[in-house]
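In what comes next, chain A is part of two complexes: it sits with chain B in the first one and with chain C in the second one.
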Partner chain A sequence: MASLSDAELAAMTQEERVKELGLTTEPLFGRSLLIEFNPDEEERFTYPWAPDVYYNKHEEIETDGLTTTQLNNKLTALMEEGVGTITIKNPRGMHSVGVGILNRLKLVIDGSLGYFAVGLIDGPNVHIKGRVGWSCGENMMSGTVVIDKNAGSTFGAAIRGGDLVCRGSVGSRTGIDMKGGTILVGGDTGALSGFMMQRGRMVVCGNAGKNLGDSMYDGTIYVGGEIQSCGVDAVEEELTDLDKAWLTRKLQQYQMMPDKGVDHFKKIVSGKMLWNYDNLEPSEKKLIL
Partner chain B sequence: MCGIAGLIHKGKSSNVGSEMTAMLQALKHRGPDSTGYAVYGEATAGDYVMRIKVAEREDMDRGRGIVDVLASRIAEIESILDEHKAVVKSKEEATPYALRYVITHSGDTEELAKHIEEADGVEVLSMGNGLELIKDLGDAAEVADAYGLNNFSGTHAIGHTRMATESDVDIRSAHPYWAFPYNDVSVVHNGQITNYWIMRRQMERKGHRFMSNCDSELLAVYTADNLANGVELEESLTRSIQEIDGVFTYLVATKDQLGMAKDTMAAKPLVLYESDDLIAMASEEIAIRAILPQEIDTTDPYDEEVRVWQA
Partner chain C sequence: MAGTKYRGSEIEDVDQFRKDAGGLSSEREKEIGQHIGYRYDVNLVPDYNRVTPFLKNYMEVMGWDDLNWLEDVHMGYEDGKAAVFDRNINGWVRIPDSIELPDNQQDRDMIARELLIKFQMSDRNPMVTLRKAYKKF
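What follows is the complex of A and B.
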């Protein structure tokens, strides 16, 4: 490696350069990918203390006069009574609603939520009829969350599994540090989406802001519209038949298939040149960046 | 963290005092240290509303002598007004240390404001045709009660709830800031300006005055400097994104406009609601819902986004 000159390295293809620099191209596997590709296993996955709930048992909660803690405690109490379908009426942008639900549940939010909506969830199916503020679905592990309107920044930050869907547009830093699962966006996404992404898939039907996928380690970002710019080490790759089949299945599942289909989507992946970055010589770092 | 909020009614007045109070109270958790308002009422040509501070609130704990000190400062202010041939039409004391004067004045208001601020411990918070700038320690409900803001009719307003980080918990470091000497220009900000001292020295070399060490004041001074050089508000906001380093979202209000700018990283939040007759924005949607409880559509402005609305 040391005998190669900068000019020689520059003349190589990316794949050759990766090999010469002693970097790895092996794919990552983990629990989040297993959950994503094995729906049967996801269905069976429950916590031992999780109460049995029945979807045909339905309750409504009026949020008037309730604090976030009271509202979330009420959700827990209803699940312990076996209620499997809960509608929250008129939340008016309350923060931290539905956080930490580790249970099967159909949760309908009849309105809009503020920050940290349904973060850290593992299992519920959530439908939010309004919009959400920052950090919706942060660290969610499984389940589905569908938002009918727009979402704020850091949508799906550090998500590990499940489907997080926004039919409208989302803010900046969508899927920052995501470690699995799927993020679907019907509209546009802002700057630094997919920043330090590690696994999982993000689909943006509209446009993406600057520095898309900056410093991503792994995972895949699909963009149907224009990309303002890709970040460091995020590279475009050809869309394969497998990608198209997966995109078609996911977008049809949530009735978000664009009129143009999926052939026009761009696929962004990690160039994996930042792996083992600290082991590189300064001249090699310069070459990569 | 801090919370900011703004609203503008198109072509009509409303009770912007109580609306802004409801929005700021909903943002109290973002900054409990102080609350400030810049509200824009009916302008009367030739009349100026001067909001002035003659001491910090903590000064009031310094014993009986402070009463005499305040009385002498107020007398000095009134003597200066007299010297500048400013006719006092009314005078109100919201608190012992904060006064509201309505004056008729045909001279240079910058000269007048500078002269008044020569008095020890005195700061002119605003001097505008329509603008009234109020700020004090405590939450929005406390400040609105103390300053009678619950029935303030006007076209637009901006407000701020402050969590003090880089400067003291006092009135001089509270927002909004008046873009001295522009009679009706005010600024609120959420974020950190990282080239504050470099920019401040540039502005000071141009002769601008700073009353605090709060980085947000720079945005007011920067805006004032641009306006002084004939730059339109929208252009000033756009330039600021390139010239000012840091993470910030800030709002600027003028006599008949409300503008916003978001930094290049979009690191500080703003949620925006737009309808044909009302524009409302805040750090969190919960503040907008405080005045619009019905289901509404809102958006998050993106990085480097600049918008200006007309009253």
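What follows is the complex of A and C.
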């Protein structure tokens, strides 16, 4: 059934497609799907549907007269042609540019972008030479994003993987609900950064606003400057040699190493006082059951 | 009840969750019959001296200086079996018994990363069928 052509699938309703492809609709619970890895799997580095692109094949896009949809479609079309390096000239602070790129790609933005820049990406390396609005790199899965100037609020919200770098300062709620990956901030970050962080690493070379790491479940926040206040269950822990080695490697990688090194960084982790895997106390359960 | 101290158990042995599938050690875990927390150290930083040739190629092809998102991939343990969580399908994928597990978590993590990439990029991954069913035509 999986051999149905795109034309055949396109002629069906979504319900028919789901049925024909043998998908089930029962809820999944993050448990084993009883699938095993195949040790002899073919070696591939990109998704099966991703076109082959070549970094030495370069194109420029002028955004004049283009809507966001047209610009994003143009990016997709160029990748289909094998273009692996794309420069967007004069981006005019457009919103939602470069969203949902699921392939390797070198993308250069020659200016500033609005909100939701390069959200939901999985693979590309992006260099934004200006500023970005809120929610840059939201839900990012992998790749690298480097912003030369400042970024708005909810920078890297719900990020799951990859490196999201802002050389300047960022707004509030940086890395809110982050589930993996690394956020690097060269300047300061606003209030409630790392709120409900579940894993991953955040590095702030400057100062952090109020309620840093509030209700964080896991993960690590490193701050080079002053912390206005830590949030609920966010506690300071001693910086280890492993932390220092990791910080040094990561900051050097993006040429963001502070002059005084990394020894002065504070490390914030979860106090794990809010961990709760059971909605009801056993005694309460007994009352109900 | 949020605010109550529910600490999980410490991971003391690389095979802890293979020997004891339940992994219940703290009083609280025994009380609720459920292991608290991850079954591996989510904050374990990769040892780059142990990166496999396949992973080196992957980093080069993607244009990355390090393992990028794979820094967050570790070998976990489910029902006493070694497994890796595939975020794309929201489920655990098990390591076949034919693969011999090294005696340390760092090398196990490298195996997990290699297997996960190959699986995610293969036609066998459920995402391929999901994409066919739900993509825009």
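Keep in mind that, in the parts below, the second predicted complex is superposed on the first by the 231 of 289 C-alpha atoms of A that agree within 3 Å, B and C clash if a C-alpha of one lies under 4 Å from a C-alpha of the other, contacts with A are read in each partner's own complex, and residues count from 1 in each chain.
As a working rule, a contact is a pair of C-beta atoms (placed from the backbone, for glycine too) under 8 Å apart; a residue touches a chain by one contact, two chains touch by 3 or more.
These numbers come from a predicted model, not from an experiment.
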Partner chain(s) touched by A:Glu237 [first = chain B, second = chain C, both, neither]: neither
First (chain B), second (chain C), both or neither touched by A:Tyr115: first
First, second, both or neither for A:Met141, with chain B first and chain C second: second
Partner, of chain C and chain B, that touches more residues belonging to chain A: C
Partner chain(s) touched by A:Glu62 [first = chain B, second = chain C, both, neither]: neither
Partner chain in contact with A:Ser172 - chain B first, chain C second, else both or neither: first
First (chain B), second (chain C), both or neither touched by A:Glu80: neither
Complex contact set, residues of chain A against chain C: 2, 4, 6, 9-10, 14, 17-18, 21-23, 28, 30-39, 41-49, 55, 104, 106, 123, 125, 141-144, 160-163, 180-182, 199-200, 218-220, 242, 245-246, 249-250, 253, 272-278, 281-282
Contact footprint of chain A on chain B as seen in their complex: 264-267, 269, 271, 284-286, 288-289, 293, 295-300, 302-303
Touch list for chain C against partner chain A, complex: 1-8, 31-32, 34, 36-38, 42-43, 45, 54, 57-58, 61-66, 68-72, 78-79, 83-84, 87, 89-96, 98-99, 115-124, 126-134, 137
Chain A residues touching chain B - in the complex, by the definition given at the top: 90, 92-95, 111-112, 114-115, 130-131, 133-134, 149-153, 169-173, 190-192, 209-210
